[in-house]
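Listed next: structures, encoded as structure tokens.
In the two complexes below, chain A is the common chain; its partner is chain B in one and chain C in the other.
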Partner chain A sequence: MLAPLFFSLASRSFQRQIAYRAAALAGFFTNFFFGMLRAALLAALYNARPEMAGISLAGAVTFTGLTQAMIGVQSLFSWYEVMNSVYSGAVAGDLLKPMGYFRFWLAQDAGRALAQFFLRGLPMMLFYAIFFRITVPQTFGQWMAFVLSLGLAWLLCFAWRFWINLAGFWTPNALGLVRLGFILLYFFSGFLMPLRFFPDWFVQLSAFTPFPYMVNTVVEIYLGVLQGPQLLQALAQQAFWAVVMIGICQLTLSAGVRRLVILGG
Partner chain B sequence: MPPIIQVSHLTKYFKVSVHHRGFWGAFRNLISRQYRLARAVDGITFQVQPGELVGYLGPNGAGKSTTIKMLAGLLVPSGGEILVNGYLPWRERQAYVAKIGAVFGQRTTLWWDLPVIESLELLQYIYRIPGDRFRRNLDEFRQVLALDSFLDIPVRALSLGQRMRADLCAALLHDPLLLFLDEPTIGLDVVAKERIRQFILHINRARGVTVLLTTHDLSDVEKLCERVLIIDHGQLLYDGELTSLRDRFGGKRRLLVDFAQEYVDPQVEGAQITVREGSRVTYEFERNTITASGLISRLSELYRIRDLEVREPEIEETVRRIYEQKLLENH
Partner chain C sequence: MGLYFRLISVQIRSQMQYRLQFVVDMLATMLISVASFFTIAFVMQRFGSVAGWSLGEIAFLYGMVETSFGVMDLLFSGFDPGNFGRQTRLGRFDQLLLRPASITLQVFGSEFTLRRLGRIFQGAAVFFFAISLVKPHWTLPHLLFLPFVFLSQVLFFGGLFIIGAALSFWTLEALEIVNIFTYGGTEMMAYPMHIYPSWLRNFFTYILPAIFLNYTPAIYLLNKPDPLHFPAYTPFLAPLAGFGVFFAALAFWNYGIRHYQSSGT
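And then the complex of A and B:
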């Protein structure tokens, strides 16, 4: 019953993203440039070794392309829309409408993510395929698992971004807190380097956080590092964290709305 | 019929942090914060019947907007009871807001970067308005509010008057029972104000929508509302008909007379001359001393009159007197 609204919000958000072509182009080339830099650094790190922690050099280069492609899709570095909407007071207009506030933003982010997938995600992998030797999933099943994993990672990542943005309901200047949220994501998600390259204690620590399931799991499934039962377990963990995070969002949101102060007017 | 709005002993306090002053004070603020409670709304009780058009008046910072926001479910009251259309607004937000409309003069409830028509179409999904009803309502509002010239323009590019009209349309597409208007004519020119007022009257009369509106512009109230609530410092000072407000606190009425000839000193018992310009004389009189017709017959016995006009005290002046002299304080 809610599907038409979800679709309608998502497609409007999609159109809005597509409209800013110059921004997309600039974003793409920035991402690609840094991707090359990271690929070169990793290649130097490999120092002619064929493999590290179960990942080949081609796999490591692919990792940089994949993670660079995900920056736009998952909005890994920044997203302040809910916080800004609280500060501008636009939140009042949205709360006056009979719709779930979380789902309202989820729908818009779905449109945004899909647009970024076509504008920056897919072209990134194509450019990588042209300039580097990259690997691709070997079987249809692996492709399916990758797509599913990417979807779950987006959902989980969105819930995290939404949750940290809710800080805006509590403090008149939540920018620092939200940034902290993105820094945690940056370090623990395996964006910097595949988590397998880190010491065991760090990997174990990060496994207790939702972050690896936003980036690292997707990468490992794409590269084929995870197979069979391990792969299924990884997908289950992603789904589990997504559900938990959405629950936390809803609880925090209802507390936040109750202490909302809309200034002026 | 049961009242559509029931408010009793409603209060809203805001926590205001008190900052230590100066350089060292800034450090002290890091460690100790002190709070003061500001009472925005302080024990208000009133009821509104279905179909009423009620004006909610008060000076800046009186607590008008805070009340409206609590009624609309945006703010949680600190105390007291509030029941609108059978709902506790803040607790049952989603179910409740489906049946109300709200327009805030200071900000839009539409989406800033979408063309007006797309915002309106989105509302069809949000409120799940059946297609034929949506078309019918939209056609009517397009006409009455003259929306056609800017339906394709993004909301951010609209003039204030256009934005208000778009917002009003958006607030009513789903046939709400109740409409909250917070300063609907603020910052508009005379023509735009008049158009908005006509529309408010139209939806109240033709559709039976209950309207509660706050405003600074007393001609809004004069043209629209039979009943007014006056609030100051968070407390309700007056709740009743506009006419009886004028009767009780209106001050002096005026009679403008154009005599057939110039009289040296056209005095009359029960009224004072305030202005004299040749044969045109303005009298002031108290409503409880003499009626207008009494005064006119007295004058016409003494002098030859060409034309005359009775002026009621301006409502603006009346309300200003109420605020300034705290006329209702002990009431």
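And then the complex of A and C:
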């Protein structure tokens, strides 16, 4: 019933993103530059080894491209919109909208993510295909699994970003806390290096957090490291964490709204 | 100079008003560099070395550049292109222009972001960790040279910030491209630069002399072989590169100010 509203919010947000083309271009080249540095570092680490922990050098280079492509799509480094709207007071009007507050932002983030996918994500993989030797999923099924996994990763990552932003309901300056939330994501998601390259205890530790399912799982499915039952299990874990995280968001949100005081002007 | 210290002390007092906030912010800044360093340290356990450089030697490069960038970021945050661009758009720069004091000094004193101390502490810790691993046999010339390398790096990065700030007189939307040189430069300089493709390395040798600030001095200080076969005096070009970029940046900044046209907002 509310689907038209969802789509219109998403498409507005999409258009807003598309409007800032020069910024997107600058962002794209920055992401690509860092990708080249990361690819060079991995090549130096591999140093003529054919593979490491089941990932070939071409796979590792592809990993840098995929993760750099995901920065914009998943908004991995920063997203303070909900916090800012609490501070600006815009939250008051938004809460009155005929739509849940979480869904209201989810719709806008869907539009943002889709725009970033076309502005930065897809071009990144094209650039990588031109400049480097990269790998692609081998079967149709693997492509489907990758797309599904990317979607779930976005949903989960959005829920995490939304949740840490809710700190704005409790403290007048939540910037540091939200930043901490992004650092956890940065460290445990397997963004910097494939998690398989880390010591076993670190991998086991990170598996108890939602973070690997935001980046690492998507990468492993794309690279074909996860196959058959392992792949299905990974998708199920992503879905499980997305549901849990959305539940936590709703609970925290209702607690936050109860203590929210809006000053009339 | 009296004016500068007045401006800075106001900054420090205001940031210390929210002490908990300050601690959280500083921790967040520290953790982000801790996460990056731990990642490379973990991964090197598996791979052994980066193109012939051990963990201690990588930590040396990394600690040097993190500390000097941190110190620069603390001192020069008034010129931080992102922040300065925002201030310019809001018309704050126009306000500064109206005051009867040196504009460069005012911008220099307009920000003093104490939370950068987090990055400095972390960089220094990595640096001393490197020294404890590598145990270099330093003589007096080495020890006298080290502070010059450090100062040159601070001035080099400071110069890049000033160039970025000056660019915002012409463009605001594409400012993120400056990140390639500032944050990209730090990332690049944290590893032995012979790992990068030659066109990229040549750019950072002959156009922007980043290679002379950390990599070639480290070759001398750590007594490493030079696979790029630079002349023997190359390590000592660091001060020339650092001061050179800094003064060129100041010249560009002054040129920018002479041609600055306010948008009138």
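Definition applied: the second predicted complex is superposed on the first by the 263 of 265 C-alpha atoms of A that agree within 3 Å, B and C clash if a C-alpha of one lies under 4 Å from a C-alpha of the other, contacts with A are read in each partner's own complex, and residues count from 1 in each chain.
FYI, a residue touches a chain if its C-beta (ideal position, glycine included) is under 8 Å from a C-beta of that chain, and two chains touch if they have at least 3 such contacts.
Please read all numbers here as calculations on a predicted model, not as lab measurements.
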Residues of chain A touched, compared between chain B and chain C (which is higher): C
Partner chain(s) touched by A:L5 [first = chain B, second = chain C, both, neither]: first
Contacts of A:Y46 with chain B and chain C, given as first, second, both or neither: second
Which of chain B and chain C A:G176 touches, first, second, both or neither: second
Touch list for chain A against partner chain B, complex: 1, 4-5, 8-9, 12, 16, 89-90, 92-93, 95-100, 257-262, 264-265
Complex interface listing, chain B residues touching chain A: 14, 65, 69, 72-76, 90, 93-95, 97-98, 102, 104-110, 112-114, 118, 121-123, 125-128, 182-183
Residue ranges of chain A in contact with chain C within the complex: 20, 22-23, 25-27, 29-30, 33-34, 36-37, 40-41, 43-47, 49, 52-53, 173, 175-177, 179-180, 183, 186-187, 192-193, 197-199, 202
Chain A-facing residues of chain C, complex: 18, 21, 24-25, 27-28, 31-32, 35-36, 38-40, 42-47, 49-51, 171, 173-177, 179-180, 184, 187-188, 191-192, 195-197, 200
